[in-house]
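Quick heads-up: structures coming right below.
Look at the two complexes coming up: chain A is in both, with chain B in one and chain C in the other.
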Partner chain A sequence: MSAAVQHRLIERWLPALLGFGTLIVFLVAVEVLIRVGLINRYIVPLPTQIAAAFGRVVVDEDIVGRFRLTFIESFAAGAMITIIGVLVGMLLYRFPLWRRATETWVAALASAPTVLMYPLFLVIFGRSAWTIIMMGFVAGFPPVVLKTIEGLVTTRSVLVNVGRSLNLSSVQLFTKILFPAALPTIFTGVRLGLIFTLINVVGVEFLINFGGLGQLINDLAERYDLPGTYAAIFFVILVSILFFIAIEKAERWLRPAG
Partner chain B sequence: MSQVASVGAQGSDGILVVDDIVKRFETAEGPLTAVDHVSLSVKPGEFLAVIGPSGCGKSTLFNIVGGLVDSYEGTVTVAGDRVRGPHPAIGMVFQEESTFPWRSVIDNVAFPLEITGMRKTERLERASHFISLVGLDGFERRYPAELSGGMRQRVSIARTLASEPKILLMDEPFAALDEQTRLLLGDKVLQIQQELQQTTLLITHNITEAVQLADRILVMTYRPGRVKRIVDIDLPRPRSSEIVSSEAFGHYVAQIWGDLREEASRGMRDEETRRKA
Partner chain C sequence: MAETGRLSAAPSFNLRADPVLALRVAIIIAVLVLWQAVAASGLLYRDVVPSLFAIGGALVKLLTSPEYYRNLGVTAGEVGAALLIGGLSGLVVGLILGGSRLLARAYEPYLYYLGPTPKIIFFPIMIMWFGVGPGSKVAMGAISCFFPIALSAAAGMRQIEPILIRVGKSFRANTWQMVSKIYLPAMRHPIINGVRLGLGVAIIGTLLAETKLSNQGLGFLIIQAYSLFDMPRMYAMLIALFMIAIAANAVVGWVGNLDRVKAGAS
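On to the complex of A and B.
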């Protein structure tokens, strides 16, 4: 193996290995602390017990079906915040009067604990996946709108002037310059929005005891099956990981130079 | 050897004619006249440099000539056409960094051609031609973030050249470069300009650069920005940066510095009093 190849392999895998190693060290430390009695084993189950619970949770609790449901709900909500959020952001950018009229509301909505509105959504959408999707949407929508506006407004005017000097139409100015220039900021908004969306999707499943992984965690916790609960939480984390990997790929594809 | 043309004397043979431009800005400290009754005329194929101290209104004039400013007094005409917006015959190189970070070098340079709807293979071919003109062969697939500041500026210049404008406007295109690169890139631009017989208006605050490149130099006053003097540069063409060590070159530099020094020190005094106030 040449030195250059070796170097590239290290560059590629070292961070992942380091992260994984840190996680293992952490779990071993927790295991030891519980075994020596420094952490109460009735509150935090042993990592080895959690590992043992995986098989049981996967087989008995239909984890695949629940995972799929939570994933689909999150995907629907995530697609909605992205498409509707970016469109609304673009419209508010285009019509500054509306923007000034609504921006503070949207900002307020972004920081409001919208999860508390779940009874209202239950009434409107019933105890269904739609309640969950809409709650996920409401939570993740404002950051996408705000960041889309920010990205468009802060596009350096010289870039717009390059387009103007080449006589671009306003549609071309938007699609060829403003939008690509704003894209990194828009992605920041989508990432942020997705965090809120994922929290709300699982949170509302938990609250209204419906459907996917959130309900499972609710069930297992009520049965006081702590290892099972933690094993289920692992799958929630897996959903987030999948989404964030997908977003990163999408950004690379849309904007290669980052 | 040096001839000083009388201020404001304009031929009607200019392809680019700026007539009696006044531009005021409303600022927090009241109205500010950035450009005050400036007139100039550039003949076809001529290289005119506009020089003046920082803040004298050069970029404002540049934007007006480029058709990017809506409200001003006076007129700009290109080959007899009154300019009311960006004119297709004019290509602009901006003072600030203006490459598109999301496009590779070749896609940046091909941008104007893409807008005109040129076929992909053809426009990439044309773009690589202009990339090699500014000496960036081998960097076609790189992104601006992977280039030095000077290389990015060359990309901007190549992008503007790729649209093959009859009239080239440049606002301190070399300001971010070190002296050596500035001289060499100046040579390159001059060579291209002479080859394509492009009418060029170069804005600068660098005296050497102006004398090295221009046929005529217009010296602006500091606030309000007026035409102080127009100097004809009678140095032989083709020129290269080696000319900077000639005696005649030194005379021109000294003469223009004499004009500029007054303005620059007025500008500095003005800024000092402003800071104290």
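On to the complex of A and C.
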């Protein structure tokens, strides 16, 4: 093996091994500390118990059905933020006075702690999937609007000029030039929106004890099933991370090279 | 040299001269009129859309009640403690990761992907570890703000100009001197940005935990208003809370811009 290949392998795999190795060492250390009694096993269950609980949680707690429910809620909220968010962004781009008047409000909404409105949504929509979907929508809507406007505004003027020189109508200019040019930025907004939506969907499921994966954690914690609670939390984190990686890859695929 | 001889125009409140302001005022008036019309029409449940006067009355009552300020104090203390614990640990981790390429590549992906996960699901664990009192709320806030501050500090550390680091090393500065004289001053803007993000999520984490299980704090007051179905009070609570969040964000932003203002004035 040449030195260059060896160097590249070390460069690539050493950090990953170090990160994963630390995780394993940490779990083994926790296992040992619990077994020798330095950590109370009624507060932190053994990592081996948590690993064993995974199978039980998946089978007994209908994790597939719960996952499907969370997915449907997230999908509904995601579809709403995409359709309504992009539409509102396009309208605000089309009417600059409205954009100048409301863009800072949308930005303020993006940074406001809107998730704390969930008791209000509970009153309006009841303890139902709609409360969860609407909370997901409120969280994910502002970034989609803001990024749609950004994408349309920052379209290179040379592209727009080419369209005008070809005598395109305003509809053609929008569908052939502006929208395709803005699409990667719009997708960044949709990606951010989907992340906020997923956080709110799972969070509100947990808070109002209704729905899919979030409720599962609440259920297991109320039953004081410690290994099950930890396993469910790990499962939700794993699902979230896989989701983030997937939409990040989708965004890279959509963004033109260079 | 300071710029002289030019006076900036006083902010204009002339609605005819400023169409953006006129439109904003029109939108606000339209929303308020529509709200009041819906409240009076009885189309929706009266309690879901209470009249503006009821909400205004509840807001005045809330802001003049000592109970509100006592609970505000509890939440402010919890958020402050969370920011201190989560912020300091985030800063230390960020400095370590930002200073080593190997460690950053080994551990930063974990922070990057764990950062946006819904933190509130850790609340049952925090209750088991720290009890049902303020400890578990502080822990929730600390976990929430740890990630944005750590990631901002790590990114800020990598953006420090190498010449500054070389100057510190050529003066044979020890680790503490490097941190306090070179790293932290050079990366104050990314850190303040991280604190700004961290403060927002610490407020959310703490308050959500209070709404789930607590007997004091603003989150408790919100969920109490929900349990009593006192909708004007709930709207008043949310308005007051949003104002506090905006004010806290503005204060951190103002602190972050202080040196820029000073630099501009000198």
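Just so it is clear, the second predicted complex is superposed on the first by the 184 of 258 C-alpha atoms of A that agree within 3 Å, B and C clash if a C-alpha of one lies under 4 Å from a C-alpha of the other, contacts with A are read in each partner's own complex, and residues count from 1 in each chain.
The rule is simple: contacts are C-beta pairs under 8 Å (C-beta built on N, C-alpha and C of every residue); 3 or more make two chains touch, one makes a residue touch a chain.
Being a predicted model, the structure only gives us computed values, none of them experimental.
Chemist: With the two complexes superposed on chain A, say which partner A:43 touches: chain B (first), chain C (second), both, or neither.
Modeler: A:43 contacts chain C only, not chain B.
Chemist: Which partner chains sit in contact with A:25 here, chain B, chain C, both or neither? Use first/second/both/neither.
Modeler: After superposing on A, A:25 lies clear of both chain B and chain C.
Chemist: Looking at chain A, does chain B or chain C touch a larger number of its residues?
Modeler: The larger set of chain A residues in touch belongs to C.
Chemist: Return first, second, both or neither, reflecting whether A:177 touches chain B, chain C, both chains, or no partner chain.
Modeler: In the superposed model, A:177 contacts chain B only, not chain C.
Chemist: Regarding the shared-chain residue A:164, is it in contact with chain B (first), chain C (second), both, or neither?
Modeler: After superposing on A, A:164 lies in contact with chain B but is clear of chain C.
Chemist: Common interface residues of chain A with chain B and chain C?
Modeler: None.
Chemist: Along chain B, where are the residues that touch chain A in the complex?
Modeler: Interface residues on the chain B side: 63, 66-68, 85-86, 88, 90-92, 94-98, 100-104, 111-112, 115, 143-145, 159, 163.
Chemist: Provide the residue numbers of chain A that touch chain C in the complex, in ascending order.
Modeler: Within the complex, chain A contacts chain C at residues 14-16, 18-19, 22-23, 43-44, 97-98, 100-102, 108, 111-113, 115-120, 122-124, 195, 198-200, 202-203, 206-207, 214, 217-218, 220-221, 226, 229-230, 233, 236-237, 240-241, 244-245.
Chemist: Chain A touches which residues of chain C in the complex?
Modeler: 19-20, 23-24, 27, 47-48, 102-103, 105-107, 109-110, 113-114, 116-118, 120-125, 127-129, 200, 203-204, 207-208, 211-212, 219, 222-223, 225-226, 229, 231, 234-235, 238, 241-242, 245-246, 249
Chemist: Give the list of chain A residues in touch with chain B in this complex.
Modeler: 156, 158-159, 161-162, 164-168, 172, 176-177, 180-181, 183, 255-258
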